[in-house]
Amino acid sequence: MIKAGIIGATGYAGAELVRLLTAHKDVEICWYGSRSYIDQKYAAVYQNMFQIVEDVCKSDDLEQLAEEVDVIFTATPQGYLASILNEGILSKAKVIDISADYRIKDVEVYEQWYGIEHKSAQFIPEAVYGLCEINREKIKGARLIANPGCYPTCSTLSIYPLVKEGLIDPSTIIIDAKSGTSGAGRGAKVDNLYCEVNENIKAYGVAGHRHTPEIEEQLSYAAGEPVMINFTPHLVPMNRGILVTAYASLKKEVSYEEVRAAYDKYYENEKFVRVLDKDVCPQTKWVEGSNYVDVNFKIDPRTKRVIMMGAMDNLVKGAAGQAMQNMNLLFGLPESEGLDLVPMFP
Amino acid sequence: MIKAGIIGATGYAGAELVRLLTAHKDVEICWYGSRSYIDQKYAAVYQNMFQIVEDVCKSDDLEQLAEEVDVIFTATPQGYLASILNEGILSKAKVIDISADYRIKDVEVYEQWYGIEHKSAQFIPEAVYGLCEINREKIKGARLIANPGCYPTCSTLSIYPLVKEGLIDPSTIIIDAKSGTSGAGRGAKVDNLYCEVNENIKAYGVAGHRHTPEIEEQLSYAAGEPVMINFTPHLVPMNRGILVTAYASLKKEVSYEEVRAAYDKYYENEKFVRVLDKDVCPQTKWVEGSNYVDVNFKIDPRTKRVIMMGAMDNLVKGAAGQAMQNMNLLFGLPESEGLDLVPMFP
Amino acid sequence: MIKAGIIGATGYAGAELVRLLTAHKDVEICWYGSRSYIDQKYAAVYQNMFQIVEDVCKSDDLEQLAEEVDVIFTATPQGYLASILNEGILSKAKVIDISADYRIKDVEVYEQWYGIEHKSAQFIPEAVYGLCEINREKIKGARLIANPGCYPTCSTLSIYPLVKEGLIDPSTIIIDAKSGTSGAGRGAKVDNLYCEVNENIKAYGVAGHRHTPEIEEQLSYAAGEPVMINFTPHLVPMNRGILVTAYASLKKEVSYEEVRAAYDKYYENEKFVRVLDKDVCPQTKWVEGSNYVDVNFKIDPRTKRVIMMGAMDNLVKGAAGQAMQNMNLLFGLPESEGLDLVPMFP
Amino acid sequence: MIKAGIIGATGYAGAELVRLLTAHKDVEICWYGSRSYIDQKYAAVYQNMFQIVEDVCKSDDLEQLAEEVDVIFTATPQGYLASILNEGILSKAKVIDISADYRIKDVEVYEQWYGIEHKSAQFIPEAVYGLCEINREKIKGARLIANPGCYPTCSTLSIYPLVKEGLIDPSTIIIDAKSGTSGAGRGAKVDNLYCEVNENIKAYGVAGHRHTPEIEEQLSYAAGEPVMINFTPHLVPMNRGILVTAYASLKKEVSYEEVRAAYDKYYENEKFVRVLDKDVCPQTKWVEGSNYVDVNFKIDPRTKRVIMMGAMDNLVKGAAGQAMQNMNLLFGLPESEGLDLVPMFP
């Protein structure tokens, strides 16, 4: 049994991790870290876990935790892990960081977009960006996984093949993304109250959202050159789900089959990326509760652009599911162990 | 492997059965019956099953189906199964009927409330009402299971211990129930359009809903005398979930502990009925996607009444999950096989 | 022009009052009181009012306010108005209190249910309970109006005629109510976050909700004897709307026409109470944004009970609309001035 | 009093027209045309109008209607009005067509995108595109108004000033739009059922939506050259509201003030277009129920693009409200008569 600890177990991403790890046959959760609910029963905070989880919440003492578990998941505010991570911890337990602290290789870019100083930049080089479908081999040997952001996961997987294959001009990429409200976290803010979100839609973080440089970095690797994009997230009145609609100019006239072949080249054997049939648009509801990303595209011959689409559950493939997928890779388990989740509809 | 066939596989209950059976390690679905989508790929109707189910939809030829499978699930309109069931079918395959055709023992009551003639009343006596927590032993040997209705499952389980133990006056029972919209089915009706249901709540079937006699029959068995209730269902703007709030007069002054003991007597060892801690009210979201029914109660010493509450996923414990629980019992499998579903929150 | 001031203008009830008063041709809002947003532009807090309201938020200095306006609306936390109201204020301006401070005549009952000491009980006797359809004449001459609570408004109007006419046994009244989330206010609490409310329904305040004694008091006046009820509110995933489903035993066998006549006796000439046609159940969406209460009933001859139903917009007839209706009465304006609001559907 | 008739009065746009015209002091609705509900009480179809509208639904006999009213609103399926309009009708009554039949000047473009033959192309030249803020003067003298589509209204108004002022390269315009479900109409289709839309978001009509050429035509007039765009609509789980997020490359480096000045040049005196304060993103909830379009923009100096945003109620400014605004212009009334609608929040 793999012993797992979670820091930030009472946020939405942490709670989803609890849901998934609880059902994983090779894992035992030994530490439910939650500074806000310390010594309270976890199931009193998340009543869905009543009679399933009997533990109480513990502190976020990472040092102690590293002594007791094989893998640590951190679903913590930006900068927190960076401020306390050290060699001792990393030498004792694998760390899968669901925050953004080690996702961006250029520390200056991180500090500029996040507006905080990075306290342990020395670990950035060894951290592996845990987008399993792209970095599978590197992940296997890592000590520290930077679990990708929700928007970057869906955006990158939707666009990657066409950038990699040189079919689109990377300088023309525009990503218009839509997310369910769980992405905003469980903090008590007026903006996230039911009555403010329901029957409403808005863009936010326009031209300034922190996931922008993360997506740019990944697409730059694919393109082999620096890529700059526009990324606009929107808040949608639903609990879960991210939909990405991305636009780019085609470098040359291409057929449906050529573009399709590019997607198939990278995803044909990927269990968790489903390239939908022609003309079927991804819908978030079709992947809810599962680790799938559904992708598809449409060529517009009039404007010589391609519209790329992706749908995903932000809490699963966009957070906890991918984290567990990374854990499976780290510990030599079948990659989809515990992730054979059939999407729930309706 | 148990070979299973579903008639009505493209309704919401049928689709949920597909979701659950697909993840059941001892079952293989051999027949996706759907008259409306015959010869179409099942996954084209329910895109969540893309790359999970490769089959096409078949007819509703029950005779043929009985030749090919071990168990038949019927998620069909009222009266349909009654009109075609025969001894030959029952002698070849177990039948678990998710419709109401064999739930009510008194055929006159059935015909009166459903407004149709029962075409095979001869099978009513042998049909076992598949409320597993109450009728477990009888279910095991049955050929024909009448899978309980969604409202009756939640209502009966919420009230049963207090009736059985004689703590409440059965003639005072009032059940006010609230259901998500999936309970209304997938038929294209104006009343179930998004814009008609969203931001809206209404009662329907007031003093005339067909689940009334079904609940009354079950409570009558518990009371040992005929019970007549008021039952009012409401349509709530959510996909899944049933919440029951029931009221009854206490026969005598009782303490919290006494009432609690009555619930514990029947549910302490029941995996799927969770009696919540004192003063915690059930919420449908806490059981979503799972086979749990969460129940609790509150004594009102002022009015000498008790308020009984239950929450459940109408498509799981209220339909497909309970059907699979019945199947497990019929085939000698562990009762919770395939039903260790952790509720999804949020 | 009537000069109006609002204390608590940035809560949901206060904001609805702004929406309605802004469109009232005889009223000018002179004071947008909001302790939390003092000196900020009101339209920056409620962007729907952009270019409609140019004022900034002011303090809650009731003394000063009384000097400047003709009528003061208080949409404040329980106990606040009671703690600062005095003769000087009441002698200068009419006060319409949307909080509960003066609704209950028996100060002990108030203190028991609200758990706070009443600081100005001397004004309770003169306060008029502003349920316009019942207390119209008394309202006209009042200085201090206790604007009814949302649940009590809908509950009382749904039940009143049958209690008053002696058709039902008051000791059997059970009220099961369902409310949209705006009723919970705009405070930033985890329980009211979008993801906690959406796809969810729960009961709350079971056997202990503060609106219970308020409803009981009003029904007692109608019955001519003390009435004790069960009242259970539920939180529904929608912004606006209250639906009441109430149950009571009939005192004798009655026909539809007899019960209908009782409703017509009290509401035939009431613009804002619509008694629906036979068998049409009230729906909250049909009254959204308007001052209507839609009521109807269904007799159950089996159980000899009647089910009474009412639907209302909790922020309009349940708060701001009724407050403005009271204002119209206080100032001798046509009662429906500014309240000819056509419900918005969908 | 202006006598008005509506063909298609029981669709969502028609019903909104009823809501607005009912509250218009100079209009009397004389004809509620609805082929599906002929001879039924209008208020039985839309219970929100109970005791407000007493009329029954009539046929869609346009000839007869033209004899009886001053203005005809047609909220009818594409091609219907074109198939029956004639000189006699136009000579007797003004026609405001909410369908798309006369919006596109090039009949070949219309026939290609709508896939139907235009049966009365002779009236296209005289039809005036009723986007009041742009075509105000032309509208005043027209007999036939082509009321703009919902997406085109919001898209055009959001982008127009920057195209007109030559600040952006029209060939780079990409419009990503999100709509509430009422835009899909009241037809009973599985795709629009509550359970299919709720907790879901999808793109549809990708690279092929019929509003594309309508937007292109309007932007071409502004640009003075043919403009080709990408337009992708999305279905959002809410009843009302359209949000447009549009992208374009800036022709040169510009400051916030320069772009702002372009918006102000066209909208400073426009009551119904609100240019929001810097960095405030439009939200659909802030305009719900009103005739406002809220617009704003954000310059991205990194990519040298500008993101333009607009929010609107699709049934008001996107359909019925604009139709009534056109009617006011046609009949010499104040343009905002009956349209002083304060947005409802929450």
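A, B, C and D label the chains in the order they appear, each numbered from 1.
The rule is simple: a contact is a pair of C-beta atoms (placed from the backbone, for glycine too) under 8 Å apart; a residue touches a chain by one contact, two chains touch by 3 or more.
All values derive from a computational prediction rather than experimental measurement.
Check A-D against A-C and say which one is joined by more contacting C-beta pairs.
It is A-D, judged by the count of C-beta pairs in contact.
On a CA-centroid basis, which chain has its centre farthest from chain A's?
C
When the C-alpha atoms of chain A and chain D are each averaged to a single point, how far apart are the two points in Å?
Centre separation, chain A to chain D: 38 Å.
Starting from the mean Cα coordinates of chain C and chain D, work out the distance between those two points in Å.
Distance between chain centres: 36 Å.
Could you state the distance in Å from the CA-based centre of chain A to that of chain C?
Once rounded, the distance between the two centres reads 46 Å.
Which residues does chain A have that touch at least 2 chains other than itself?
Within chain A, the residues that touch at least two other chains are 12, 182, 195-196, 198-199, 237-240, 283, 285, 288, 346.
Please name which positions on chain B make contact with chain D in the complex.
12, 181-182, 186, 188-190, 192-199, 237-239
How about chain D: which of its residues touch chain C in the complex?
Those in contact with chain C are residues 12, 15, 19, 22-23, 44, 46-52, 182, 199, 239-240, 274, 276-277, 280, 283, 285-290, 294, 340, 342-346.
Which residues, counting only chain C, touch chain B once they are in their complex?
Going by the criterion above, the answer is residues 174, 176, 178, 180, 195-196, 198-204, 206-207, 228-230, 232, 234, 236-241, 243, 245, 247, 281-285, 288, 298-300, 302-303, 305, 307, 309, 311, 346.
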